[in-house]
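You will see chain A twice below: alongside chain B first, and alongside chain C after that.
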Partner chain A sequence: MVADAKWSAGRLIRQRSLRTPVILLVILLVIAAFHGPHLFTSDGLAGGLVGAAPLMLATLAMTPIAIAGPAGVDLSIGPAMTLINIAIVMGLPEIGLSSPLAVFACAIGLGVLLQVVMGTLIAVLRVSTVVVTLAVYLVLDGMNSVILPQSGGTAPDWLASWGSASTIFSLVLYVPLAAFVLWALVSRTTFFRNIRLMGANDRTAFVSGIPLIPTRIGAHVVAGVFVGIASVMYTGLIGSADPTAGTPYTLSAVTALIIGGASLGGGHAKGLGSVLGAIDIWLISYVLSTFNFGLDASYWVQFTTGAVLVASLIAGGLLTGSSRPRLARWRKRRGGQAEPGVS
Partner chain B sequence: MTTIAKPGVSQTPGAEVVTVRAVSKSFGEARALRSCSFSARAGEVHALVGENGSGKSTMAKLLAGVLHPDTGSVTVNGEQPISPHVAKAMGIAVVFQEILVAEGSTVLDNLFLGDDGFFRARLPQREKRKRAQDLLNRLVGSEVDLDANVDELSLNTRQWIVIARALLGTPRVVVFDESTAALDHSSVERFFEVVRGLKDSGVCVLIVTHRIHELTAICDRATVLSDGADVGTLVGGEITEAKLLEMMRGRTQSDAPLRPSHQLAARGTKVHKEEALVAVGVRLTPDAAPIDFAIRAGEIVGLAGLEGHGQVEFIQVLTGFKRPVAGQIHAIAGGERHPIDSAKSADRARVAYIPGDRKAEGLFPNLSVFENFGISRYRPTARAGFIDRGKVQRMFLEQVKDLSIRLGRSNAPINSLSGGNQQKVVIGRSLAAAPLVIALNDPTRGVDIGAKNDLYVLLRSLAEEGKAVLFLSNEIEEFVGLCDRVVVFRLQSVFGTLEDGAVTSDGVLAAMFGYSDTEGLDGGRR
Partner chain C sequence: MRAIVGQHGSSVMASVVLLALVVFGAVSIDGFWSLINLRSSLVFASFLGVATVGQTLCALIGGLDLSIPFVVGAANVGLVKLLNDGLPSPVGIVVVFVLGALIGAFNGVLSHRLRGQSLVVTLGVGNAVLGLIQILVSSGGNSGISGGTIQGAVPQWLQSFATANHTVGIAPAVILWAALAALNIVLLRRTWLGRSLYALGGNRVAADRVQISGPWTWTLVFAASGVTAAMTGVLLLGYTGSGYAGVGDPYLFTTIAAVLIGGTSLVGGRGGYGLTVLGVLILTVLQTILSGYSLSSSAQEAILGLLIIPAVALYARSPHPRMQI
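This part shows the complex of A and B:
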């Protein structure tokens, strides 16, 4: 059947947009194997997955918005995760709720609400995604510090224990797994295909009868669900409420999205690519932490991530062939000038 | 043959399906349709015919629900297509002039674009693949990979994909807006079969086309549009080439807006000097006939053709803005040949291109009049890399005077000028570089009559100074009395060249539609 062929390893590598994140992953894993083999123990792998899960899910949340395009970058994700983190740790206990169901419902509800507001502004007023999400980033970032001037509180026990998972069979690891299954299902719906086609060419989609406004808002609803799940995982990871610690997720997730092969022009981004990109970003900091940079470590992480981003874009251009015509012209011109009497 | 599209819905053959009543539609100042009416029936092939800009494509967009009429009504089976989504549900399928595909997506996704509901596919995937494969194989005439990326397919195949998209939905009304433009010759025959199949199954087929022989071959009725209004409907045997041309011309002669011939004195003896720009063996598309062309200093040559027949590409190729598929272009200055293969080399060879779409290519709308003028002059006049503002200023004032550009302050935004004066700024910018060849791409579009007149006088005086002037226009009238020659394009190549006395609006129009039997047309390529 077609579906089987689609998931063979060879096909995976042949999917051009996935080449860069897969190659990067292999390189990072090789370095990790030599420099930090602890990662390959059951305990290390569990810790790694718990550490990487919020970023994986945040990047996954950005993916439908990137697909809906154009320039669909959601900058609000970091502060949105922070806000939901505060709501879970400080808000819910006040009304006496802390069960897993209540936490997930609150997180996903808030995530979807925020995204629907942004999606409506973007779709109805036709304001660019970057502008709307930047505004929401600023509003939420400010608001978070007003609500919670300094970090504090503790996550519900069951959630806090997730953060210290010690085997790959810990319950916590089923959450990202469930999220991936959800993604796999959603991305196979007609609705999701409409998002993709709208991103590829919104004019064609419109004249072909795809209703653009609900489709675009729908993309944000999907994003909101994953923002919610990402926030729960993030809360489990830090075990408390923090007014600023979630904010850097915005830039990390954008980086992961791009390394994962998403096209910011719209129409082309894969959930698998985003997850791989997020793992790559997490691995970069893991690998660097095995070197001894001391207090400068976080600067080195930033520096390296930036360098890897640029390198992967260049490599991506070569691997996917999008730079080839230009390269060919350049070679031809050089070859042409070498001939006597042309200039 | 087997019917390609199943009837899907029963429509009594002969019943009126499409009703357009007194529809007007304007875009800003431009009136695309003025009180246009016609109707089309089930089981008929109905053509909409007219010159460029007569409102045919606007009509297609109204039927598709993409646009809405300002006044009047468009109804299909009594309902109004208020959005593309609704139009689709009503069984209206429109194949647009542009080949609208979702780039980077598969053939299959493109075929069923907009077909699925929000949460549920209308057809199971297996059924989709089967139907799509059957239809597409029949249309294209060879196996098409449904999982292929549409970007990698030929134009011909992509055109078939958008046609197939319309047919897969079992439509009641199908509108083909210039849908054969990108099809190759053998495909056109298959397209006709498709149309006949649709007709036989009771579908109402509307065809918008420039190709008159298509109409005579396949249409039951034809409505002629002229300047946004319907000027009559021909039935069956009445649809002849002569009759259609006559109806299209009807208006052109009666209330022609302005003829340069009325404004300009007849030219004296022509001094045909040496050639200024030569094109040899230029092909615009791989399968188009090659073009040989030359323009002499002091000559005004018109470029004409129906939209999309290659004249715009040719003027861009001549001026280095586009590369031809094959062939060479040389400018000749002072006995020396300068090859042109880029905008830069054209600039060096003193060939100036004045773009047609002022807003998109010619102007920086946020900058001042002076900045817009100076933008290409700063570099050549700069001293050691520093802008010599005084020098540019002097050039600017000179052009303002020469072209009688009416402006308030030179640092006012360019948008504060009228269309005609904006155009003069663009032209002045090119003239300041003292070009030998000036190529104008439809310079009078959106310009008022007085400014048009100024422009004709200017072009004539430039020619008299010994410059070679290439003048592309969509208004046939403009060639008469202004141009020494008019080169008419058809099917991405030169169809014929009309000279001197043969430059008449009837002659040019006939040639545009592919008739060479008119007196004075030399029929061949130079």
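This part shows the complex of A and C:
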């Protein structure tokens, strides 16, 4: 009985976690419909997909780490995408490789390698995720500017043509779709359920016989695959190599993750929520660009992104009771209300 | 190993590292001991030191304040705007400090309510604040902001704050930092409030049982962090002479790095400002040495990142779940 009630409460919370990103999406789409209807043309949709895809995949990459918790924020993702971008554009052609297979293999390989290193440090040394990913952020961000002081180079032709896609029925659509299918499959495995259990309560997971170190590193491997795909999409978007342009993805992806309803306590985060959160972030900058802020545009984007992040945190905290003490209080209150009826 | 390192391990270790770096710098770099270099290094250290007061306090209660660089930038730009609007400089500085405290207090209230999410709360609040300040300042027409930079008449006394050309030989900014550090160490060690930070960081439930108010302490600590960040912004304005919204950017990670390298744990409950002073000095000496070897700021950043993990692996590892059952 008790377990039953717990599960229904859990399901309720998980559904409610999508409320914030969906409401925000509807509001933004309505504003866009009136103020920037160009979005709803074939051209506009293709541009939107090209622009939003890197962030969608980057946020998806952060999701398993957030689930593995506690405080599982991968701060390194922006510089990591930049490094892979440089490797694709500057490194691969030097050894004569530019085929799609080579590019994806290199990107996913590098992404997984970076994540496995971080995952091992986090799991084996038991240093917090924030500290390790912060250190890796600094190392990679510094390294990127040393390797490539100035932006340059051009992406392989097949990849660069993505950026100018005028219809959504192209690789720009198929690659993210394939990534979502991959996510849907992975997130239904027993292994992924173990990540969730570990994130929700690592002591319970340990007592249940879940091997904590391989499970945590495994969460990072999943993340690494999506970091790789995100980097390929990002390279398609900018069409060249740039030592700093990818760095802001850290902030955008964290924001998208939180708007998507992920709880940094661990255990709760949905792929669908993360993708919706990423679309929201992209739509915010699209909608703002339809107003004539001129030189102030970047300030408005910064202000709105920050404000939406705070607002969704407040809304998330109030609507879903994402923190355990709130949940406990809510249960107690429910218990308290039930008592008079019993007596 | 752990027994040897013990309670004073971090301070001993940090002191040894600092000493080794100083010796290495003195031997390998010309002019390391020159008065000019020492003075300018200390001034740089004082900017970072003032900003890390808040980060240390937040780390002690188990939080993290990522809004520091944004508040530094906002205070820097905002004060120029206030001065351009004709406000006397002391009044303008007080206004900036009060706003910093309010922003910090908001961070604290929200971070305490949404446990464990201070990182994202402060990131969101920081971006909102800096974006808003830039929008407000840029609407001022002629005295407005362009490319994040704003010109204005910075008073002479504020500019002289960061320079060491005085009879004492030490810049007032350094004296301010020393005073703040002393105040902090005494506050943390000798007062009820200071000890309650450690109690809260160590165990929230236990702190609650001995009547330490979580919400109140979190609000106070983050408000203090807002004030010290604003203070850094004002000091930097005196140093550079013009407002720049991105002036705080390096402080996002260097404040955390100084806290970690000193030996204060981000989990909360262990450490202190004395350790952070050592961390700040280590970072500053390291920076001087790396610059002496003419490494670019990017390369310096990468080396700083490589330093953090070993430092944390020595002191701030969380216990195995088997120990927590």
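Heads up, the rule we're going with is that the second predicted complex is superposed on the first by the 305 of 343 C-alpha atoms of A that agree within 3 Å, B and C clash if a C-alpha of one lies under 4 Å from a C-alpha of the other, contacts with A are read in each partner's own complex, and residues count from 1 in each chain.
Here is the rule we use: a residue touches a chain if its C-beta (ideal position, glycine included) is under 8 Å from a C-beta of that chain, and two chains touch if they have at least 3 such contacts.
The model shown is predicted, which means the values in this text are computed figures rather than measured ones.
Contacts of A:Ile210 after superposition on the shared chain: chain B is touched, whereas chain C is not.
When the shared chain is aligned, chain B comes close enough to touch A:Thr190, but chain C does not.
With both structures placed on the common chain, the touch criterion links A:Val146 to chain C but leaves chain B unconnected. Touching more residues of chain A than its counterpart among chain B and chain C is C. When the shared chain is aligned, no partner comes close enough to touch A:Phe104: not chain B, not chain C. Looking at the shared chain after the overlay, A:His268 reaches chain B, while chain C stays out of its contact range. When the two structures are aligned on the shared chain, A:Ala200 is found in touch with chain B, with no touch to chain C.
By the document's definition of touching, neither partner reaches A:Trp158: not chain B, not chain C. In the superposition on chain A, A:Phe180 makes contact with neither chain B nor chain C. In the superposition on chain A, the residues of chain A contacting both chain B and chain C are 203, 205-207.
Residues 64, 66, 83-85, 87-89, 94, 96, 100-105, 109, 113-121, 165 of chain B are the ones touching chain A in the complex. Chain contact summary for the complex, chain A toward chain C: residues 70-71, 73, 121, 125-128, 130-132, 134-146, 202-203, 205-207, 212, 251, 254-255, 258, 264-265, 295-296, 299-310, 313-314, 316-317, 322-325. Per the touch definition, chain A reaches chain B in the complex via residues 189-191, 193-194, 196-197, 200-201, 203-211, 214-215, 218, 263, 267-268. Residue ranges on chain C touching chain A, taken from their complex, read 64, 110, 113-117, 119-121, 123-132, 134-135, 138-139, 146, 253, 256-257, 260, 266-267, 296, 298-306, 308-309, 312-313, 316-322, 324-325.
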